[in-house]
Amino acid sequence: MSKSRIVYLNGTYVPENEARISIFDSALMFGDMVFEMTRSFNKKQFKLREHLDRLYIGLKILRIPEPMSKSDLEKKCHEVIEINEPMFTDDDEHRIMVNVSRGPLGIYAPMFGGKIESTIVVADIPLRMTVAGFSKFYDQGINCVIPSQRSIPAHLMEPKIKNRSRMWYQMANIEVSQYEGDNNWALLIDPDGFITEGTGDNFFIIEGNKIISPEGRNILRGISRDYTKQVTKELGYEYIEKNIEPYDVYCADEAFITGTPFCIMPVTSLNSVPIGTGKFGQITKKLLDHWSSNVGLDIEGQIRSWDKAGSLRPDKPTPYQFKPK
Amino acid sequence: MSKSRIVYLNGTYVPENEARISIFDSALMFGDMVFEMTRSFNKKQFKLREHLDRLYIGLKILRIPEPMSKSDLEKKCHEVIEINEPMFTDDDEHRIMVNVSRGPLGIYAPMFGGKIESTIVVADIPLRMTVAGFSKFYDQGINCVIPSQRSIPAHLMEPKIKNRSRMWYQMANIEVSQYEGDNNWALLIDPDGFITEGTGDNFFIIEGNKIISPEGRNILRGISRDYTKQVTKELGYEYIEKNIEPYDVYCADEAFITGTPFCIMPVTSLNSVPIGTGKFGQITKKLLDHWSSNVGLDIEGQIRSWDKAGSLRPDKPTPYQFKPK
Amino acid sequence: MSKSRIVYLNGTYVPENEARISIFDSALMFGDMVFEMTRSFNKKQFKLREHLDRLYIGLKILRIPEPMSKSDLEKKCHEVIEINEPMFTDDDEHRIMVNVSRGPLGIYAPMFGGKIESTIVVADIPLRMTVAGFSKFYDQGINCVIPSQRSIPAHLMEPKIKNRSRMWYQMANIEVSQYEGDNNWALLIDPDGFITEGTGDNFFIIEGNKIISPEGRNILRGISRDYTKQVTKELGYEYIEKNIEPYDVYCADEAFITGTPFCIMPVTSLNSVPIGTGKFGQITKKLLDHWSSNVGLDIEGQIRSWDKAGSLRPDKPTPYQFKPK
Amino acid sequence: MSKSRIVYLNGTYVPENEARISIFDSALMFGDMVFEMTRSFNKKQFKLREHLDRLYIGLKILRIPEPMSKSDLEKKCHEVIEINEPMFTDDDEHRIMVNVSRGPLGIYAPMFGGKIESTIVVADIPLRMTVAGFSKFYDQGINCVIPSQRSIPAHLMEPKIKNRSRMWYQMANIEVSQYEGDNNWALLIDPDGFITEGTGDNFFIIEGNKIISPEGRNILRGISRDYTKQVTKELGYEYIEKNIEPYDVYCADEAFITGTPFCIMPVTSLNSVPIGTGKFGQITKKLLDHWSSNVGLDIEGQIRSWDKAGSLRPDKPTPYQFKPK
Amino acid sequence: MSKSRIVYLNGTYVPENEARISIFDSALMFGDMVFEMTRSFNKKQFKLREHLDRLYIGLKILRIPEPMSKSDLEKKCHEVIEINEPMFTDDDEHRIMVNVSRGPLGIYAPMFGGKIESTIVVADIPLRMTVAGFSKFYDQGINCVIPSQRSIPAHLMEPKIKNRSRMWYQMANIEVSQYEGDNNWALLIDPDGFITEGTGDNFFIIEGNKIISPEGRNILRGISRDYTKQVTKELGYEYIEKNIEPYDVYCADEAFITGTPFCIMPVTSLNSVPIGTGKFGQITKKLLDHWSSNVGLDIEGQIRSWDKAGSLRPDKPTPYQFKPK
Amino acid sequence: MSKSRIVYLNGTYVPENEARISIFDSALMFGDMVFEMTRSFNKKQFKLREHLDRLYIGLKILRIPEPMSKSDLEKKCHEVIEINEPMFTDDDEHRIMVNVSRGPLGIYAPMFGGKIESTIVVADIPLRMTVAGFSKFYDQGINCVIPSQRSIPAHLMEPKIKNRSRMWYQMANIEVSQYEGDNNWALLIDPDGFITEGTGDNFFIIEGNKIISPEGRNILRGISRDYTKQVTKELGYEYIEKNIEPYDVYCADEAFITGTPFCIMPVTSLNSVPIGTGKFGQITKKLLDHWSSNVGLDIEGQIRSWDKAGSLRPDKPTPYQFKPK
């Protein structure tokens, strides 16, 4: 890792740890910002366009003026990667983060020469930082824990826009950090009791040859979730989206989560009750392996190799830092 | 106004328009930040301690480590004011903004030398920027408009913590900006249909000699709302907090809102239906005048004088900028 | 148009503008009345039987005694048309309105000779009155606006019964009349945030080759909605009913509404955010054209020709009159 | 009783049973009408002004143009009474019904000479028609039955506006008519399980010396309910409005309902479970007697005398006629 | 019927009417017990394994230690049947009831020698006791009545675990016992207004060739319901699970319920409104006949023959005893 | 403790550990049983009559025939105590448990000679069994934890009836047993987010001189809660019942719970966030001391003395046994 990675910020390039946003920006005032985070496989961006499509839908609904065209932003992402590549080790991957907000609030325009423009950020983070220490989850599986905190229903705040008003994610994470054990991840339900998502991942169960994921209502519809659909179909399984409840999880054969940084990780229990055999499920493994095969990279192996090389993550999180999203 | 106002930021002083927060900060990642905004009367801070009390409750609930003691933060606020006073005109007031977050996410610690600390900001904004153009609201009164966007109930995200996950405020503001007229302010109801608050103000109605404000459940419990209680009692009115509905507003004699920058402003209609006489109410006026008297400053007059001196606010907001909070 | 159109009313024929119902009727006391409104194509009634089927389901659930058999009522409709045809221009169409209630409340029986019978009305309105001024909606499309007023869920009052307790439709219409612009139509959501219907029309979106309409739960299941299903299938599109949210509309390729008087009209934006190209959608157009073809009449052309011939509708509605249902 | 009672209808006088409203009126199209029903004591109207105050609030919220000033309407009521008095027996009372709607829908203006005006009705009904057969309720008390039908919460349709969109009242009445027994009256609860009102009456319980009525949220705030407050206080009891549940009724000492035609009637059981002694409560009786004393008329005695004189009400209601509202 | 039937209880055999559970058992303290009830056809247990599968899911979710393996419990059931068969008439059937709880609460361990073990019961009841008097339901059909009591949604208490916390079932039964008529059975809806289940049976409607049952969310997913799915498919009908509302029932062609003791019984009306022809539906009959055929026993005939032989059920239930579950 | 304590059971006396209820009893079939648990101070029953009053309200609402008069049951309790006293140590207290159900289900009457009667139990448990090991809670205070499990709202199942359908209490207890720490007690919120109760205790906060407890809606209204009201008033504090939320607890000065066995115990944190000083509150202590004084017994001291004498409770609960209710 190097200190000299750079970030594209409103037309300029700045060192990563100096990439900052004005305290008068609507992003900081209201959590009023849309964003995306990607990854590469063997240095090649995966589904970047799909990520940007989702970003631009968010801009449209939130009436945030587009700071540049979608194509230009895509090019900018590649440009940032190219600049940063020398600072990446050969075995690392590029995790792009794009942030867009409407810029400083209008009443503060005088501070900025009377002119307000959208804010745009393109950062490039080594993927290994995000998944440091995740090997163990492939060994023991994740224990999903349903906290008291509920998902905010879409009609109150739209989770399908990938936005920054997510204090309630942190509230859920704090709760779950108080459970016994070190492989607990929050799994949320909505006020109707339907399972929604983790605080940075989508959830799936397997019943027989059916791969089932919650309806795309009160969740972020993950790009990895979409790709899982494709993987599922390529392997001949049936893919279904429907309302599922904790009861369905308890009765399931297997369960797993998906997320951009790790693609697929096994879930082996819910609230400490084993799901199926209580081990990394056979079909879950096949899905992950097929994904690896499709992208030409051993996904699980890469994470294990990084951990072997020396974890970036301390054994115990500090009291106020929670597992990565 | 001067370019050289400064902001206290994590132990250093920076020019106002260079006060920025890392894109890896939990504040930007999750809207996971608490804040306060104050004002002075005749340069003297008003209820600063009460603002800080509320801030520290938020830190406690969100498990954000205190970056300094409450007393030290209070001193810091005064220090920042003292430094900035030369850049303020004699007739302006100091609007302090304090922001605190838990700092960059733990997984990004390597970018910051492995050490994560809480983020703290103390800014000092000329109050006239916030209330520029508000004279007209004292003339015609505000038309409160209830948008489709509902308040998020406290059990889903706690509004009594003054936090930055407020994208839904902006959604409400966008909606109301599409109504005909130029004195429309959003007034939210919760999913039960009870009136909650504006997107930066508390709401009151007057029935006979009763001053009524919504229960302190799904709202930010404003410092100005609290002070209104005191003013109300000093003038011999009865102060009541209870659930109120639009129907109650339609039947009320008067209505008004409170907010730190302007203290009290008259509401003369709801969804374009006149409340009472449809004019700045007599009792509302008395409350504002008494407040002015208590603080030794003509609150309405000050706003009018700033507007006469030359408004900082353009006649028409740009499409994506909304009325101040 | 002629003054001498007649209405069938409880066994007699009366001039249209003298067709009235007793103030002691349950219809006026409680909005306790079921009704249907139809149209003809080239003077031929369309789906009259389906309308009557729905009417009789309503009677059954509300325990309103049938005033005559379904077949007799169907005949009566044709009889009324035959009588009124001379008063219709050659290019006009017959819009039948049937109303049935349980008649005056029992306690008022003494006023009516002690005998209470169901009330029945068959009126025959020139369709051009209903769609006057609609040409512009084919030009610019409709802007659907989601008001604060929510649909009443079916378990509180059954919208699938076409009944007269619809004050809340008017509340929604009043709200939307306050938005800027002259092509705004109310589009309601239910308390769960799912899109339901307009205040006199059903809503559809198009994604790829899928024509999607809200689940038939909290809506009136329109006869035109049903026929759209048929048209859709004839053209080889996939027809789906499922819960949809505003987010889905923002992401859709096209959108439209259906209603008996106009069959299909394009929706080009939601809350002023363009849907797809923001223009009359290609597939929407095909559906309307196919419908025209099926019934042997240029539906859009007919509306345009009536408007050219001289609109019955003033340019601006009076403050308390809203768009037709 | 006479056939020749008249009704004031839009500027003219018509015989009662010929008082009718156009089928194109918004009242019939949408249940979009506000109304009031009063009574006299010894021929003297009771709280007429309060009834009209409530009516005009409804007009304002629904944006129905006032057809005449409140004072003129008050005069008109008295005028109608004066004209009808000769047709009333000496021992009868005048029950005024006022209806106001926005008139025919705008699109049907051509039928009415292009001019649309508000509709107004003032009828004058002998009170004995409404309370015929009620003696038995003073004997055995009323058994309140909670049906499956819930009250529609105020944020979906405002019950505090006395309006005509009340099909759900009829649904509740139909349900309760299927219970065994002949003294069953519907008592509704809202979706939160709180008791609201009957379908034409307000509900009260008595605990010790406390007279308790549901919060004025999801109910019509009856004029008789308000007067009960006054009567309660005159007798030295404590008057409280708060959320009450069926459990509270089961634990209460007494219960009763209020309504304009009968003022107060005892409720002796809930869902067939006796309340208190299961008899006409002592305090309830005092309240009614005090009311009688205040208005100089034996309220219960008058109803009994009318019933003795010969009931207007058949022993058994026909299947589709329900108890009076 | 004989007095000497026995019950397996925690390792011993006891006479049926002496089979009892400690008052300190969690089952009695909290209704914290899972159970199953089966039946035989021609003495052969039907779907016993499926019943036990469901039981063990319940144990797992409730963290009740398994008192024996599933196979052993299955054997135990057969053993109990074998022992009891001599006490059964030749024409009777074995209704097995299995109960499992976590045993006495830990704090009461000293009463039981300090040792707490799971409680297990296997009883064997003559099926004719449960269905005594049911012949009439095959004659007139069942009238389903929707009471005020709602189903408890799964996220508050999981109905898919067959548990003993069912006081609300009794509340529903009590309500329905107050309706006029003697063929009323409770049919519940959930707070969203969707039909769920009876208090011991699953519900179905038939539309054309579609057999439709409520989604398996807020119901016990009956073993008979599952088998109906199979029967349906064998006969070439389409089987669908989806949300249904009372409106759908009113519009349906036929309706029926399923339950282990009687398999299928016709529902001919809802809230006294006839469904379809108002008689035992043709397709319903086919389903029942096919079931009979599959199991080699005339199901309806057997119930009729038992009733002819002399009913065990009194004509009128005592006031506090309700229809069997 | 002795083996020979006896229990009154349906007219006979049986040894405590042989006190059992038929598996065919409605109590076991449906959790359809009401109960009470009391305690003595210095061998004298406390508020026994109030407990029985609550029991009989439950019987009335659930239509369970009274097995004996309230006075007779009161006598029976004293009789059972008298019989058992010799088996109690001098320093122990009598904890009476009364259970009443409607007896075996009617369909099983043939098993019981055709006669069904209510079931009644009066047991007498040494109080020290219930509070064994509680000394530590007076030392460190209780950490209340809000689990995902919500309270069932009263309109779905009435918690104010002390009934046995409480599986959801166990679900909450299981959840909380998975948190780190050994002083965690479940504190429930209802679906609106208001704090209700623990799974066997009522909750209070203290703000200044106000003692605040949740509204008596979705809770069991504890006898100890009622007595706390009296104690509070005797000490000159203000007693308030109102909706409270977790936020209010975080802001409170002190918190405590009440329950019959222990009267008052301090709550020192909520979800591990300290309340006030994080120690046994001064006012809480005063309330407990005053209670002790009123009943002439050092409540806390007694519990400590029992623990010193040798705890009946193991240091660690077994996995499936939870803290006492």
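Letters A, B, C, D, E and F mark the chains as written, and numbering starts fresh at 1 in each.
To be clear about the criterion, a contact is a pair of C-beta atoms (placed from the backbone, for glycine too) under 8 Å apart; a residue touches a chain by one contact, two chains touch by 3 or more.
As the structure is a prediction and not an experimental result, all values here were calculated from the model.
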- Query: Interface overlap for subunit B and subunit F, more than half of numbers shared or less than half: same or different?
  - Reply: different
- Based on CA centres, what chain would you say lies at the far end from subunit C? F
- Note on the structure: Expressed in whole Å, how far the mean CA point of subunit A lies from that of subunit E is 45
- Note on the structure: Per the C-alpha means, the centres of subunit C and subunit D lie apart by a whole-Å value of 33
- Which residues of subunit B are in contact with two or more other chains? 63, 153, 155-156, 189, 191
- Chain pairs that touch, all of them, please. A-B, A-C, A-E, A-F, B-C, B-D, B-F, C-D, C-E, D-E, D-F, E-F
- Item | Complex contacts: residues of subunit D adjacent to subunit F | 189, 192-193, 243, 245-247, 250-251, 273
- If you look only at subunit B, which of its residues touch subunit C in the complex? 145-148, 175, 178-180, 189, 191, 271-272
- Note on the structure: In the complex, subunit C touches subunit D at residues 1, 7, 16-17, 19-24, 26-33, 62-65, 97, 99, 102, 105-108, 110-112, 116, 121, 123, 125, 129-130, 132, 150, 152-153, 155-157, 163-171, 174, 191, 312-313, 317-322, 324-325
- Can you list the residues on subunit B that touch subunit F in the complex? 57, 60-61, 63, 153-156, 158, 160-161, 217
